[in-house]
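Next come two complexes, and both contain chain A; in the first it sits with chain B, in the second with chain C.
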Partner chain A sequence: MNTSTQISKAKINRRLLKDKLFTYAIIFLAFLSSVPLFLILFELIKKGYRQINISFFYKVAPDTMEAMVAVKNNEIIPGGIANGIVGTLIIVGMASLIAIPLGIICGMYLAENSKGKFAGVVRFIVDMLQGVPSIVLGVIGYIWVVKPITGGFSGLAGSVALSIMMLPSIVRSTEETLKMIPDTLKEAALSLGVPYHKTMLRVILPSGISGILTGVILGISRIAGETAPLMLTALGSAAISTDITKPSSAIPLLVWEFYNDPNLVNMIWSASLFLLILILILNLSAKAIAKKWKVQY
Partner chain B sequence: MESTVLEKELEVKAQPYKVNKMMQNPIEKIESPILNIDKLSVSYGGDKYSINDVSAGIAKNKITAIMGPSGCGKSTLLRAINRMHELYPDTHNKGSVYLGEEDIYKMNPILLRRKIGMVFQRPNPFPTMSIYDNVIAGYLLNGIKLKRKEKDAIVEKSLREVGLWSEVKDALHNKGTFLSGGQQQRLCIARALAYTPEIILLDEPTSALDPIATAKIEDLLVKLKKDFTIVLVTHNMSQAARISDYSMFMYLGELVEYGKTKQMFTMPKDKRTEEYLTGKFG
Partner chain C sequence: MNSEKIFRYLLIGSGVLIVFIALGIIATLFVGAIPSFKEFGFGFIYSSDWNPTQGRESYGALPFIIGTLVTSILALLITFPFAFSISLFLGEYFKNGKLPSFLRSVIDLLAGIPSVVYGLWGFYALRPIITDLGLNAQGFGIFTSSIVLAIMIIPYASSLGSEVISMVPGSLKEAAYSLGATRFEVVKTVIIPNAGSGIFAGYILALGRAIGETMAVTMLIGNSNRIPTGIFDLGNTMASLIANQFGEAEGLKYTSLVEIGLLLFIITGVVNYIGKLIMKKLSA
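Showing the complex of A and B:
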């Protein structure tokens, strides 16, 4: 037998070993990439759980003097992040009110005219928008709203800046979802004499609801933790503020404020923990909605 | 110079089919048609016409089948009848179609589609709606207010007409998409019927269904023709032979032959029809 065409046993074994090593390396690296999240959660819970009680949710951020006394006596700091929670709810809510209709309509246009020249330009711009640094959006909010409209820092300015930020995710998820919906559905409605706009709003859009909602929620979770744009727009407020034309606090802004006050450092962990859990819940619910509300064609 | 064998052969092939002058006109004239297609040509853009100069009358309360090999323009012709082909950009057409005295290309397409309903190749019930809502979707989506009793009556009547009532009457508020393919297609027919059109167009309605579901739909169509005029595209010749009263044979965008189905299947007038029916091409 010709020995040169045979592969020696040792060679085969070496190959099998390489195969195995490669597999384990991949598993290990995959595991490694999921470690940071758990480390972060662990760290935040360890340092922050003490501060989280009922008053954490209804009291405003503590006074620095009170906090100093509490820290000295080794007690928990009296106070919470209620001004931040209310501020975040209002700012994010307003941003959603602006971005959701705009984003869905834009996504619908892109899906319907996928090959149009103008649609191509719009799609390109939306993609670019995704890459605009958040601090730049803060500057824009300052120039567009703070100076000319509210005449001072305001929650509204923050909402405008954040709405621009969440727009791309809504536009693209709407577009991608609607493109997946078979044309036969549109034909079915049109053949019943249903006008085009009603076909889109009452047949096509509801059929893509799960994908669109997922995009909306991911957009919200993306902006809920944004700090930089809010520094230049909403600024922050020590009291609970429901007036959108006045400065307003937000959870990420509070984290920044706590960081800047040596007496409040302990509050960083609990506020961060709360913010992180909020965003995790949003992400999980996006996944759940995508699964549960999926429309079967 | 003597031509080669190949050249001779090509010459023969290039010759148009000779229509025997002694034969009758292969396009039968329909007395008092409900729909009159008048020299209709449809293009999806450019100078290329997918159907060319088609003229035919459609008989009232009859089933008319449109047959032909793929790409012959049969679906285009069907869609041109309720202007669904206009969904594609750049379509334009010559000639016209008359519904009674009215030129459909001068009508509002929305009103036209209420008079001429359509059923598609793949069942397409609205996925977000219940069976009940699917049947009355034409009314719901067009914002036509109905009383509860009227709705119930329309739903029951339409579902009975398509033979679906006994199968789904206890599940009317379930989603239509949970039905089997054949049931879904009958639901789609019910949806078209519920809107009381004059004409129902069906674009290969059974090509996605199994033989049993197909048989049910064929029976249904035969029953329905007493109330509606039915135009059916099919590339299943035996289906056309089984259920249609009139048949059209189209080839390369041209209406080659049109007449009573029995006549066409037993004594086709055009050579191309005969070749298609005997399976020489298609």
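Showing the complex of A and C:
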């Protein structure tokens, strides 16, 4: 009798120990996963802060010779990433101009026809587009725009590639948000004699604006850091270029150029730091909007 | 009345346009790949020769298909214990509070870091460690890229998992607890069997991500055109091959690269479709 209780006690202790070890392992591994983020942030700040000054924002990227001289004299490299900032603003802006209206209207269509057959097809295709690798969209931008339309690398081609990339997140967030808005709201408007399109555009869409805005901002933050598709489309430019039919620079493209030029290596950290801060601000504001103006009924 | 009609056409039209965009992408890749397919046929997929020398041009995708699959599956294996722990941590052990919301923010931020920045970090911070460990002379290669890829896909691999784990019915867990099960036993016998396929679907979707990743891999894998002989060898993936060689490509090389793009599109499409299929079965 006595020995059997001892054995079962030992068994229980072993089970409890196993449970404890497992819990600690989970906590340890979960927090170990957050270490890379801080390592990356630390590396960027440590190596990048020196280069960030006022001229960083209004001067274009330096050429190799300038940079070499500066590095030799142990000075910071003159110049900035103005061509990249302007390029990113134009390319991302153009992509948004294409993707936001189309994405919102399509999201509205899907929310209104949640059971339709064709809507099912569209939903499937939006899901599929979400998974297309960005480099493949770069190839598409090259074949659709660079070759036939602009006759050479262009910011527009980059915008087209990126617009396809941000489309799915806008469509899905619009659809999900509008689905949460109760039918009574729509019925009330319709019963007052408001036409369908006005009901949708003036009543339903504004009540879901926070969710839609969150999707749009997340879409923008997803494409702002994209490098691969722009390598095949926008190519890069040493000067500030506002002509969308000409090659254009972008911040991630500049990071790539700096990386490939030994003299400019010191610039990669500041450019990356700036890009990362930009994207973090976009992500945090998307989160804040989602939290503050949550759709509630 | 009229604007009402226009609005309805606009709604359907947007759907039609998106279908056309997708069909356009597929058709464009197919048409672009035709000359290469005519030249090499299906041999393109299992030939391991990538030779751009003029007059003796020959292109095969096998080294890059293998490189892509090995890198991304290895990344998934590395990411697994971490993503699984995060899923359990957020979905079961600590659902509310400051710590989990901190972890959630960290993971969101990991998802926001651009690929090229991951590549830089891998090049300047991780590569020297790999070299010091003597795993590889220059620190480049499949293993290095897989580690960075593993970090990049943590958010994708863990988010679906924590969602399905948190949805496991409380009554099931309580039943197990009332029988005297420890938390670990509840995880093993209730949560994993219930949420397993959802967790798995998350990994499949993360795998799709890893397969299509370009910049970080391009900067770290070493870009060799041979079939890799081991995980510490240099290699190349389909995405990074396109990124490296598309710019100056013409003629046969150009259409071969488009065919690689088509294959990449198909592979990611199939992987994502499988993931979605598992998810759909789950919600049904």
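The rule is simple: the second predicted complex is superposed on the first by the 288 of 297 C-alpha atoms of A that agree within 3 Å, B and C clash if a C-alpha of one lies under 4 Å from a C-alpha of the other, contacts with A are read in each partner's own complex, and residues count from 1 in each chain.
As a working rule, a residue touches a chain if its C-beta (ideal position, glycine included) is under 8 Å from a C-beta of that chain, and two chains touch if they have at least 3 such contacts.
Since this is a predicted model, take the numbers as computed values, not measurements.
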Worksheet item: Looking at the overlay, does A:Ile54 come into contact with chain B only (first), chain C only (second), both, or neither?
Response: neither
Fill in: Which partner reaches more residues of chain A (counting touched residues only), chain B or chain C
C
Worksheet entry | Contacts of A:Thr23 with chain B and chain C, given as first, second, both or neither | second
Worksheet item: Now for A:Pro206: first (chain B), second (chain C), both, or neither, which partner does it touch?
Response: first
Discussion item. After the superposition on A, what does A:Glu43 contact: first (chain B), second (chain C), both or neither?
Written reply: second
Discussion item. For A:Ser191, using the defined touch cut-off, is the partner it touches chain B, chain C, both, or neither? Pick first, second, both or neither.
Written reply: first
Worksheet item: Looking at the overlay, what does A:Met65 touch: chain B (first), chain C (second), both, or neither?
Response: neither
Item to complete: Quick one: classify A:Ile164 as touching chain B (first), chain C (second), both or neither.
Response: second
Worksheet item: Of the two partner chains, chain B (first) and chain C (second), which one does A:Pro182 touch, if any: first, second, both, or neither?
Response: first
Worksheet item: Which parts of chain A are touched by chain B and by chain C alike?
Response: 195
Worksheet entry | Contact footprint of chain B on chain A as seen in their complex | 182, 184-195, 198-199, 202-203, 206-207, 209, 295-297
Worksheet item: Which of the residues in chain A come into contact with chain C in the complex?
Response: 15-16, 18-19, 22-23, 25-34, 36-37, 39-40, 43-44, 102, 105-106, 108-110, 112, 118-119, 121-122, 125-140, 142-144, 164, 167, 171, 195-197, 200-201, 221, 224-228, 231-232, 235, 252, 255-256, 259, 268-269, 272, 275-276, 279-280, 282-283, 287
Worksheet item: Quick one: in the complex, what on chain C touches chain A?
Response: 3-4, 6-8, 10-12, 14-15, 17-19, 21-22, 24-25, 28-29, 32, 81-86, 88-90, 93, 103, 106-110, 112-121, 123-125, 151, 154, 158, 182-185, 187, 205, 208, 211-215, 218-219, 239, 242-243, 246-247, 257-258, 261, 264-265, 268-269, 271-273, 276
Item to complete: Would you mind writing out the residues of chain B in touch with chain A in their complex?
Response: 82, 84, 87, 109-114, 117-118, 120-122, 124-128, 137-138, 141-143, 175, 177-178, 188, 191-192, 195
